[in-house]
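My questions all concern the structure below.
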Amino acid sequence: MRIKPGANTYGKNAVNLSRIIRHEDYHEFRQVSVSVALTGDFDTAHTVGDNALILPTDTQKNTVYALAREHFTGPIEAFGLTLSQHFLSRNPQVSQVRVELVEHLWQRMAFDGAAHPHAFTGGGSEKRTTVVTRTAAGTTVVSGLKGLMLLKTTDSAFVGYPKDEFTVLPETTDRILATECEASWEYTSAGLDFEVLHHRIRQSLLRTFSEHKSLSVQHTLYAIGEKILQENDEVKEISLIMPNKHHIPFNLEPFGMANTNEIFVATDAPFGYITGTVTREE
Amino acid sequence: MRIKPGANTYGKNAVNLSRIIRHEDYHEFRQVSVSVALTGDFDTAHTVGDNALILPTDTQKNTVYALAREHFTGPIEAFGLTLSQHFLSRNPQVSQVRVELVEHLWQRMAFDGAAHPHAFTGGGSEKRTTVVTRTAAGTTVVSGLKGLMLLKTTDSAFVGYPKDEFTVLPETTDRILATECEASWEYTSAGLDFEVLHHRIRQSLLRTFSEHKSLSVQHTLYAIGEKILQENDEVKEISLIMPNKHHIPFNLEPFGMANTNEIFVATDAPFGYITGTVTREE
Amino acid sequence: MRIKPGANTYGKNAVNLSRIIRHEDYHEFRQVSVSVALTGDFDTAHTVGDNALILPTDTQKNTVYALAREHFTGPIEAFGLTLSQHFLSRNPQVSQVRVELVEHLWQRMAFDGAAHPHAFTGGGSEKRTTVVTRTAAGTTVVSGLKGLMLLKTTDSAFVGYPKDEFTVLPETTDRILATECEASWEYTSAGLDFEVLHHRIRQSLLRTFSEHKSLSVQHTLYAIGEKILQENDEVKEISLIMPNKHHIPFNLEPFGMANTNEIFVATDAPFGYITGTVTREE
Amino acid sequence: MRIKPGANTYGKNAVNLSRIIRHEDYHEFRQVSVSVALTGDFDTAHTVGDNALILPTDTQKNTVYALAREHFTGPIEAFGLTLSQHFLSRNPQVSQVRVELVEHLWQRMAFDGAAHPHAFTGGGSEKRTTVVTRTAAGTTVVSGLKGLMLLKTTDSAFVGYPKDEFTVLPETTDRILATECEASWEYTSAGLDFEVLHHRIRQSLLRTFSEHKSLSVQHTLYAIGEKILQENDEVKEISLIMPNKHHIPFNLEPFGMANTNEIFVATDAPFGYITGTVTREE
């Protein structure tokens, strides 16, 4: 059996770009990490080291900074569309361009109710994300968020599961539910108002998480996805990753105390890892 | 020269404790990481392996959870005072107890202006901190914050520095100033309203950062410390760590473009590391 | 369009398991992180919160520790096969079990040429990995390694690439080539000597990396994959991820010095991200 | 009370420097992270923003790369001495220079017993360290290592400790002892053969860890320090940090199994944090 190249891709990752958008009397500040991935006709680079069709990743990086000057002024989806268009149209050897943008979010400071014109706080674990994938056949935009830490102190249960000889977990009708939520939803089109949609979908996610009478992480995950699809025709389907950030009641009985669901150990590992997609009937 | 034990200390680190404080119609949620360090007469443990005076770190951990039930209901400083008192009073071999608490901050969700009774978001890099150090001679409380990401897009300069043959950096009168601020201030007493003081000092820090016409990181660091001391008699001195999170203008000239102070590379390494204490004349 | 569950899976991640295998006059020490993922008929858990078919992730964790006692004595692939068989055979609602094992490698200490019976050093970034995927239709074993830091100081070039207006990178015939290699290869069968094969394949990878006259990362990646397939009929195909850990010559010219390819800046971001699969003609 | 500057220092951290040392028929490869910290007369920078005495951290960085060309050819201690001398002698406003170097260790590949001339593997968590501190009054060299993962599967006990109402931990005469060791020792002089000494001290550390009949982490920590002082007159004192990386027996009893000290949970938090210094009688 002859040996041959299979699927392959390459590009520049972690192009960390900051920008100031200067208005007359205030500044916007934006910070993103951009990753470009090209797929195409690169077999001879692999097999004989011919780089004639390999656009250097250094050039990709420069292109991101150069195009940012004119084109990175709105939502990350718009900039991803520009970048993917640039790379696809200029490189006939490339069959697919994938541009991923992760935005670090900065909040404008405010004092006594007045927004400050140029000072910001940052550092949240939540990132806004998009992946724009472009081929000759079309373009998909899958946007979302990650690192969103959610927690509720009640309205979460887990009962009725199968038991076997390795079961120790007690059933509970009142536990902490906490997760570091990652969500990514596919838009039905590349021509939407991504700014409005992002905030509307995120708000729907938060509200459903807070209001849901959760019978399991899966149950809440689905409720979130279902609500987002119900309220947003622009979303084709949504995938959610909701690891279970366990807060386990600490056993105070050896010390003659009752733990009335108040004192918990927060653990990092191991953790339940719950993923799911909510979609529409064809 | 005889060989002998020098300074030593031990304790349990990273005791990750979550708690729900249950009110009639809403819950509070708190999450801290507690570290205990004991100093004292432990020489025989080191030299001959006699553990008769070594309170196990596992017991320290249990004590944190057990005492949390009754005593962790207010600011971290209060809980640190309780824990340090417990360990010092019960262990005559211990000459100093140091309790460090790092609080992970959770924000109550709100919808349509209404606070939710039991749902929260978290994940900010900013932590609230305190170190309570107790000996027979007295107790000090050094509180602060860390991981506070601050950025301003203007009102920051750096000129007038010495030049030598290794100087490349151009002077600038308008640059991005960004830092991950760590501050720790010593209180004059262990009997203060730590909750009010924390928020007042933090606000003073933010406001000074935002308003200052910065001539260097050092200049801003001192201005912040000075303002906090001016406004808070309860603060004896304050130390600040303000690494310079560089945002470097990307050179667009090779591409025939001007970079009018808009497009930056955000770098992690190397970084300027600026530290300083602001104190009071004796 | 009706809304409905799409693909979903769940399980326990990061089950951190250590074991001592006690021989008469020496010990083995093994440390792995196990992740279990179940796919199957879980729609009612999502849609109505019925957990009757949801084997708790806590039970999955217990099962890993319990089965480790008898079954985790050989290569991680063997333990993965045992675990996947257990979960698939006992849970008719589960259509696919995926077990991932990541092994932390410990080296036995040796003094004056003599292996120590029970003392070890660890801490390497390289991990040994396997993913066992089992369905009623069959079982695949995809093994590999990750975190393997490789570097060569010469025999690496990058020339002949396309230039455009965003090209700055100079061609070079002598650069540092460094990568954090991740490799995963699919075995042709679940009944092989995985211990011998792992070490043979790893050695082939190292040797090819060191000897190859590299014209690009892609070129070296393919050479490694090709050699492994040539030498190991038991490997069906192999995928490699080889990020380019750039070491960039530091510009000493402003200081009147030549940098004769000796002094470099090691950077973390951005980085080239090169991936590829090498496979066999059907 | 007048407000005034207290202690302060600044410098460039994380200057990541790689170098090739080219010999006729083989290469050496070295990788270090350098941090420079200057203390001195910087009050006017803090109080009025006068940078006339502030050597920019960017210049410090350039100096590290420029001096590396001629001077970074031997142990990190020698390069630290050169750098500290440069900064102290050229900046009269500086009263103390502290240079910290952390070396990433690369191992030369070997095949069939033959060392490869230019290919290396890296990635170990263990780093070699030094801190050179220079003032007009003299120079100290404190060298060491960090990230050294050590584990032994027996010859470790913990008994005889005090019990109170929060004690749950059972005494044990046979447990896993694991730590991520950090050691730093002060040399008696700046004119020693640091290369030979580093390897001799490290070997002494490993051997003592492996052979010691440990009655506690403290006991082993002291034994290591004592042995190093006994065998090395060039070491004035040594400090060790040995966090207890707990491996806790997993409770198999609920499943009708005995855990004969074979199956363990490896935990990250909380952890015992044991530190100590071993010194010489004056």
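As written, the chains take the letters A, B, C and D, and residue 1 is the first residue of each chain.
Methods note: a residue touches a chain if its C-beta (ideal position, glycine included) is under 8 Å from a C-beta of that chain, and two chains touch if they have at least 3 such contacts.
Protein identities per chain, from UniProt: A, B, C, D = Uricase.
Not measured: the values here are computed from a predicted model.
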If you tally contacting C-beta pairs, which pair wins, A-D or B-D? B-D
So, comparing C-alpha centroids, which chain is the farthest one from chain C (Uricase)? B
So what's the Cα centroid distance for chain B (Uricase) and chain D (Uricase), whole Å? 24
For chain A (Uricase) versus chain D (Uricase), what separation do you get between their C-alpha means, in angstrom? 37
Within chain C (Uricase), the set of residues that touch 2 or more other chains is 16, 62, 66, 166, 168, 254-255, 267-269
Which residues of chain C (Uricase) touch chain A (Uricase) in the complex? 1-16, 33, 35, 37, 42, 45-59, 61-63, 66, 90, 158-164, 166-169, 214-219, 221-222, 225-226, 229-230, 237, 239, 243-244, 268-282
Note which residues of chain C (Uricase) are touching chain D (Uricase) in the complex, please. 16-22, 27, 29, 31, 62, 65-66, 68-69, 106, 109, 111, 116, 118-126, 147-155, 176, 180, 206-207, 209-210, 247, 250, 252, 254-255, 257, 259, 261-267
Enumerate the contact residues on chain C (Uricase) facing chain B (Uricase) in the complex. 165-166, 168, 254-256, 267-269
